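Below is a structure I'd like to ask you about.
Residue numbering begins at 1 within each chain, and the chains themselves are lettered A, B, C and D in the order written.
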């Protein structure tokens, strides 16, 4: 139950393997089984009316669980998303950043599961919830398969 | 954000409208936006091998959100489940009761959303997670429709 | 893409390993990647008001994918459900049997995915949809783990 | 059960209210309860390794149900996504367009539900499945709420 990468190492590794992360997301906090990330809201994340798009919220939830798995397993891991569910509960504020609080519920030999609550920064009413399952590559394998 | 029914009133009302609840479930704790319930595990909830069945875990998650909505809206409410998602993460112990911790994430005019973590009693590793959406009947209506 | 068990063999095997299946479910049709099953609706599947309970619909969806995996992999398989999602769209008729049409969307080395539409017999309007993911045990292993 | 907008009208209306749709998606086919759309795969939809990103597949599934609801309800509708579930089953080909086949399972007074299968063009093995629920605004209202 120890972290293989600390917050700085994780942040640097994410930007190496996943360059678009750098402009879109930042890591606020990391523990052994939680991560808090934020969407650096920009024009490209918005929908008409000034609300944050569904795909941007999906991406935020997805990167949280991916980052959490990397933080625990280290640089060699190449996990893939196998399933997700999301509920959209309130209109997000388009002119604020979005905060995602993720818990790692399971890190098994082949599957990892995390759940996520998302908030407009400064509000305590959840905008959306998500759960994400990742398939984890076997030891020594370069990449996960879809199972 | 106040409760319309306290724990005793909720428990009594549930057994009136939903008699099978009495033998299967008990309410451990109730706050304005959380409820803890338990499955009173019996032979009929088990699968071969002594594990708790998926339908029993579904029923436990479902009754949590239903009870939480009643606790907030009071006796007149007749909500119906419109969607759910579940992840089954670990083998539950068949010889223990199962504890469900539910948070009410949203109680809107027409939809309520709750999420649930389930544990074998005495363990802190989640066996399953669930999220449930209920459709809430309009004021003055006897029952919710499916939207 | 061939069946390891035909409909009769599958039906017999299900009742051996899963005795409660016999009273609750029947297999109407089986092909290499579809199965049609029915819930033999009885008092114990109903909710007040005469509608079929959510847990009964969960059980019907779940047994479809389980049976489909067994039909393809044969008697040795012991798969476990790892995730599901369901949408409840219309009120089911309590006085009719419920029909589930399931497609096997994927049968990989470690994961199987199926989706299901459920109908009250005699109606073509879907009452519910579900998708179910199963974890499949490695060759030679007695049972699947939860990954 | 008639269409309020035909394929050309729908396509034009989508590009008016949702300008980013024009560059990303096209409508292949439209019937009273199905729509086939494609992702016009470009560099911005890809992940390292040349595969199509999860958020792009989410966006494709989401726009299908949104477009289907508009096709049935006409120009006045402003529906919002309230929940989704997705299963990612195979690695999509990054150098092909992605085809989404969507069925409208329900169009109620306040909720619409669709499910979607996604394929790399030229393949009949599904890459992903999704289901999406939309909240529909009451008649005469400018926009849906989140319920």
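Observations on the model:
In this text, a contact is a pair of C-beta atoms (placed from the backbone, for glycine too) under 8 Å apart; a residue touches a chain by one contact, two chains touch by 3 or more.
Predicted, not measured: the structure shown is a model, and the values here were computed from it.
Comparing the residue numbers each copy contributes, chain A and chain B share more than half of them at their mutual interface.
Across the assembly, the mean Cα position most removed from that of chain B is the one of D.
Chain centres here are Cα means. That of chain B falls 32 Å from that of chain D.
If you average the Cα atoms of chain C and of chain D, the two centres end up 28 Å apart. Between chain B and chain C the centroid-to-centroid distance comes to 23 Å (mean Cα coordinates, whole Å).
Among the residues of chain C, those in touch with two or more other chains are 82-83, 85, 87, 89-90, 106, 108, 133, 146.
Within the complex, the chain C residues that touch chain B are 17-19, 47-49, 53-56, 58-59, 62, 80-91, 146.
Those residues of chain B lying in contact with chain A across their complex are 85, 87, 89-90, 105-106, 108, 113, 115, 117, 126, 129, 131, 133. Of all residues in chain C, those touching chain A in their complex are 82-83, 85, 106, 108-111, 133, 135, 145-147.
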